[in-house]
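Below are structures written as structure tokens.
In the two complexes below, subunit A is the common chain; its partner is subunit B in one and subunit C in the other.
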Partner chain A sequence: MESNKRLSRHEQAVMVQLLRAHGLRVDGRAAATERHMTLETEEIPSAAGSARVRLPGSTEVLAGTSTELQSHVSEGAQTTIPEGCLTFRVEFCGAADRLYQGRGAEAPSAEMTSLLASIYQPARRLRRSLMAGQQTEDVRGQLRTRYCCWSLCVDVLVLGTGGGNVVDAATVAVRAALATTYLPAVEWREGVGRGGTAGWELVDDWERYQPVDVTSAPLSITLVWMAEGKGTADGVTGESILPDPVVDPSAEEESSAAAALTVASAGSRHLCGVLQRGVLSLPPETVKKAVEQGITRCAERCASLDAFIAESIAAAEADE
Partner chain B sequence: MRPVFLQVGILDRASGSAYYEAGNTKLVAAVCGPHAVTQREGDWERALLEVSFRRAGWSSHGIGEEGRVSKRDPGHYGEIADAAQFEQDGVLGSGDSTTHNDMEREAGLFLSRALESVLLLRQYPGAQIDVSVLVLEEDGSTTSAAVTVAALACADAGLDMVDLLVGSTVALRRDESGGRQASTEPDMEGERQAVDGLLVLAWQPSLCRIANLRWQGGVEDAREEDGSSGVAAAEAFSTALEAAISAGAAMYQAVRLSLEEAAQ
Partner chain C sequence: MFTAPSATTRSLPSPAPLVLPGDAIHAPEVNTLRGHGTRQSAHDRASTLRATQAGVVERINKLVTVRALRGRYVPEVGDVVVGRVTQVQISSRRWRVDVQARQDAALLLSAIPLPGGVQRRRTPEDELNMRAVYAERDLISAEVQEVKADGTMMLHTRIQGRLGRLRQRGVLVAVCPAHIRRSTRHVVSLGYAGMAAVLGVNGYVWVYVESEATALDGGEDEEQEMAAEMPTDAAVGGVTAPSRPQALALCRVRNAILALDVSCFSISVESIRAVCRWSEAVPPADMLQPAFLERLQAQLAASA
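Moving on to the complex of A and B:
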């Protein structure tokens, strides 16, 4: 997720000097301090669930979910537990940055889409909660099972990248959008299909709406290492990486970083993905430490996000 | 680990080239350059690195004509609600709609980030270096094989590098007793069985540093809903990392031998 907020060499040198000598960053944060995120849920009335996340410095990500019902018939006994379907579509807006105008948005959009798909791959509990209905019948001694499941598409719109750290903001937006998605109950009924046959029908009863299970939905933490040495990082051996990474990087820090690591984890239980970027290599001990730190921070973030969602749902119910 | 066959300098017209074979995974890498730039973007101070990673149409059974992975390909379900797949896995149109091209793009990105950390691009200002990797046959551990073979081709081309690169893939899975089992350089079946996670590593063998790395968490185990803790998650990662590093060290011996052979 490159941004065009590039710093000159001298500015970078000052940034690295400040960090090394005082452990401070240009915006006054300590190396391990995250910024406050602004999260608003249910912003889009026409989406099943939605969330908007903002970081200081105009990083803005909007996520919305849309649902579709799919049915399937399977002959014979079923042994495995069936799952629903989750897909992602990421779009970097041309308005966010000049870089994303025209075809410039294709590469970052595709990269983010595959990142989200890959970190949500382990979330089996989430996909299982998308199963809507199951109906087994006996057709002349043959067992036949009908399934009905939700196919959920999460659209992610990156509206601004000026504050950096779009990946982390996007994972928060996606998890919040999923957490605010409620699915109606589905029942197998006679006389609702074409020509009066039996079919699946939505039950229009708010009491029986079910939320999507997001306990296994991951959040990510991005850590960035700065290098000191000859100007910008370029795989030159004369450079050394500062031992302590910077958490939640701003756009300026991202563009002058020597190496970056994104750690995605669902709570503290499951490490869903680790991705390295940048032009300098990292020692294995540093990476291990960073992954541990990432898991802890993801767990904290998941807990505070869950608390926020629960609070906002309670507030919405109190309003009604 | 599967036995590896490496050969350097197999193509006459390229500046540098290499061939990699391990089991049924077969790749060719070619390097062209440094040469004059064909199109300019970015800064002039360093060479432009163009990496292309392509899979031949016949490289894998599941790949169809339009570059879509067909339904039979394990692990990839492009189509929704495919009956055969459903019987097998109980997944109705899984969220993973990875196509042939997606995989190529991802592997190419991984490769170019790994190469950027070893190539001294500042030595070739205003020039362009093309690295292309072609997968002839595919049977697991393709991305890590591409890293090894591309670095070998760069070395054959005589480009200035801080170190070589070796790639390694580790698949973690659970055995019956609940312990973790790491298998290095798995084939396609082995990658599929990686229920606990899959690690792809690009390793700098002399500097002992990680050039690039990607960890894909395994699918949640329904049996241990609350059992495992954060410590276990971090442990699985470091187990895989250790295994990948030692596999990388073994691969480095093969890489060195093939380079020495080519020099004679």
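Moving on to the complex of A and C:
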């Protein structure tokens, strides 16, 4: 996610000096401190689940889910476990930045969509929880299984990028939107009466709504490395990276970073995806350390996100 | 790690001239001049205007306008602004400068003091050396010299030692232009831990560590000037890192300005100093957290 907040050489020099001499960033954080995110859930009444995430500065991401039933029929003995389907659609709002006006939003949208799709690939538990109903019947001695699954589409709208770290904000928004998505129970109804058709029917009973299982849904952590050494006029700064990465970068830090690594992982502490960007390469030991650090933080973040959502749902129920 | 949005509300002074789009504005005079941000609707009485943007109603004689609280910078001649050079246009002898306005400002080659401080005609060599004076991404402080009829803004940096490239050890803070009032001095010493700031009327604030040389107020000798103007690595690498108290003060002032901006209070030397004083017990990093902002807003509302 390229930002147009390019800093002058003097600003970059101060940023690197503060970090190297005092381990301090311009906003007063230590290198490893994350910012607080402002999170609102159930923002869009027409969506199944939704969340809005804001970071200081003006990073703002809105995510909403929409659901659709898909029914399948399989003949004979079943071999594979049926899974639901999860798709992503990302849009960068033109008002967020001049860069995203017109066709400028296409490349970042495609990049973010493929990133989200790839980090959600290992989330099989989530997709299996999208299984809605199953019905086996014996048709002239042959087994026939009907089943239906939910197909979830997550719409992500990036409303602001001024605070940096849009990827992490987007993963939080997606996970929170999924966690607040409740799916109704589905039952198979044989045709009743004359002309009645058989089919899957939604059970209109709030007690039997089930939340989506998000324990395997990943979050991401972005770490960036600043370069030290010579400042050159064309923005490529220095020759070697500072040893300690900066976690949760602001837009200014992102724009002057020499290397960035986004690590995605769920609560299970297994790696779901890594994305590396930047003008300098990273040595393997640094990557290993950063990935380990990222996975630990992702797990912590998942736990605190789950706690926050549970709390806000409890508060909403208490209000009713 | 995650917080719910805070629901703080601010009570406004009772006859607040604030309007939202569509709000009625009472204009009893005959022949009222409908200014920017207002319009007359066919369904209303003649003495009623409607606001077309959110902001403050301003009345000058018969002219009624609505000044937007949020929005881009609207230039006036004589404003001191902080800008970032976006383009060096050698063929048309000008720099394009981003000043958070509706369009980029123009800084002509003839509107800068030449290195060496001599008064002479601009030669083709000067044109070729334009990038050595101000390169892309450089921050400069400048004054608005002229606002053309089409809204184009011309800048100048002719006051040596005051205006020109910002090359101190500092950070840029971008705030809403409406929060910075026009005053007589915009290059100010904050009187807090040796910090100084250029409060650009356009909402860009340059906060920096006041060095001995700049504290003498414009007395930078020419040799140093020349050395700093050259885009060599020494100019950047040669600057020593600020000490730890200075670094923390820099972060504190930066966050104080952002906290004031988030809380919608005007940003001035006094308000920055007050926020720095109130926040002494809080580490700089926590100054943008909801807990501190709520306390700050209560304190500011009480003192206002």
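Criterion: the second predicted complex is superposed on the first by the 308 of 320 C-alpha atoms of A that agree within 3 Å, B and C clash if a C-alpha of one lies under 4 Å from a C-alpha of the other, contacts with A are read in each partner's own complex, and residues count from 1 in each chain.
In this text, contacts are C-beta pairs under 8 Å (C-beta built on N, C-alpha and C of every residue); 3 or more make two chains touch, one makes a residue touch a chain.
None of the values given here were measured: they were computed from a predicted structure.
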*Would you check which partner chain A:36 touches, where first means subunit B only, second means subunit C only, and both and neither mean what they say?*
second
_Just checking: does A:26 make contact with subunit B only, subunit C only, both, or neither of them? Give me first, second, both or neither._
second
*Could you look at A:10 and tell me whether it touches subunit B, subunit C, both or neither (first, second, both, neither)?*
second
_With both structures fitted on chain A, tell me whether subunit B or subunit C touches more of subunit A's residues._
B
*State whether A:159 touches subunit B only (first), subunit C only (second), both chains, or neither.*
neither
_Just checking: does A:84 make contact with subunit B only, subunit C only, both, or neither of them? Give me first, second, both or neither._
first
_First (subunit B), second (subunit C), both or neither touched by A:185_ = neither
*Quick one: classify A:74 as touching subunit B (first), subunit C (second), both or neither.*
first
*asked:* Going by the contact definition given at the top, which residues of subunit A touch subunit B in one complex and subunit C in the other?
replied: 235
_Footprint of subunit C on subunit A - complex, ascending_ = 6-14, 17-18, 20-22, 24-30, 33-40, 54, 56, 172, 230-231, 233, 235, 300-301, 304-305, 308, 312
*Where on subunit C does subunit A make contact in their complex?*
1-5, 84, 135, 137-139, 166-172, 231, 233, 235-237, 239, 241-242, 244, 247-248, 250-252, 254-255, 258, 283-290
*Mind pulling up the subunit B residues that touch subunit A in the complex?*
46, 80-81, 83, 86-87, 89-98, 102, 105-106, 109, 113, 116-122, 162, 197, 204, 207-220, 222, 225-226, 228-230, 232-234, 236-238, 241, 245
*Interfacial residue positions of subunit A with respect to subunit B in the complex*: 70, 72, 74, 76, 78-88, 110-111, 114, 117-125, 127, 147, 149, 151, 216, 234-237, 264-265, 267-284, 287-288, 291-292, 295-296, 299
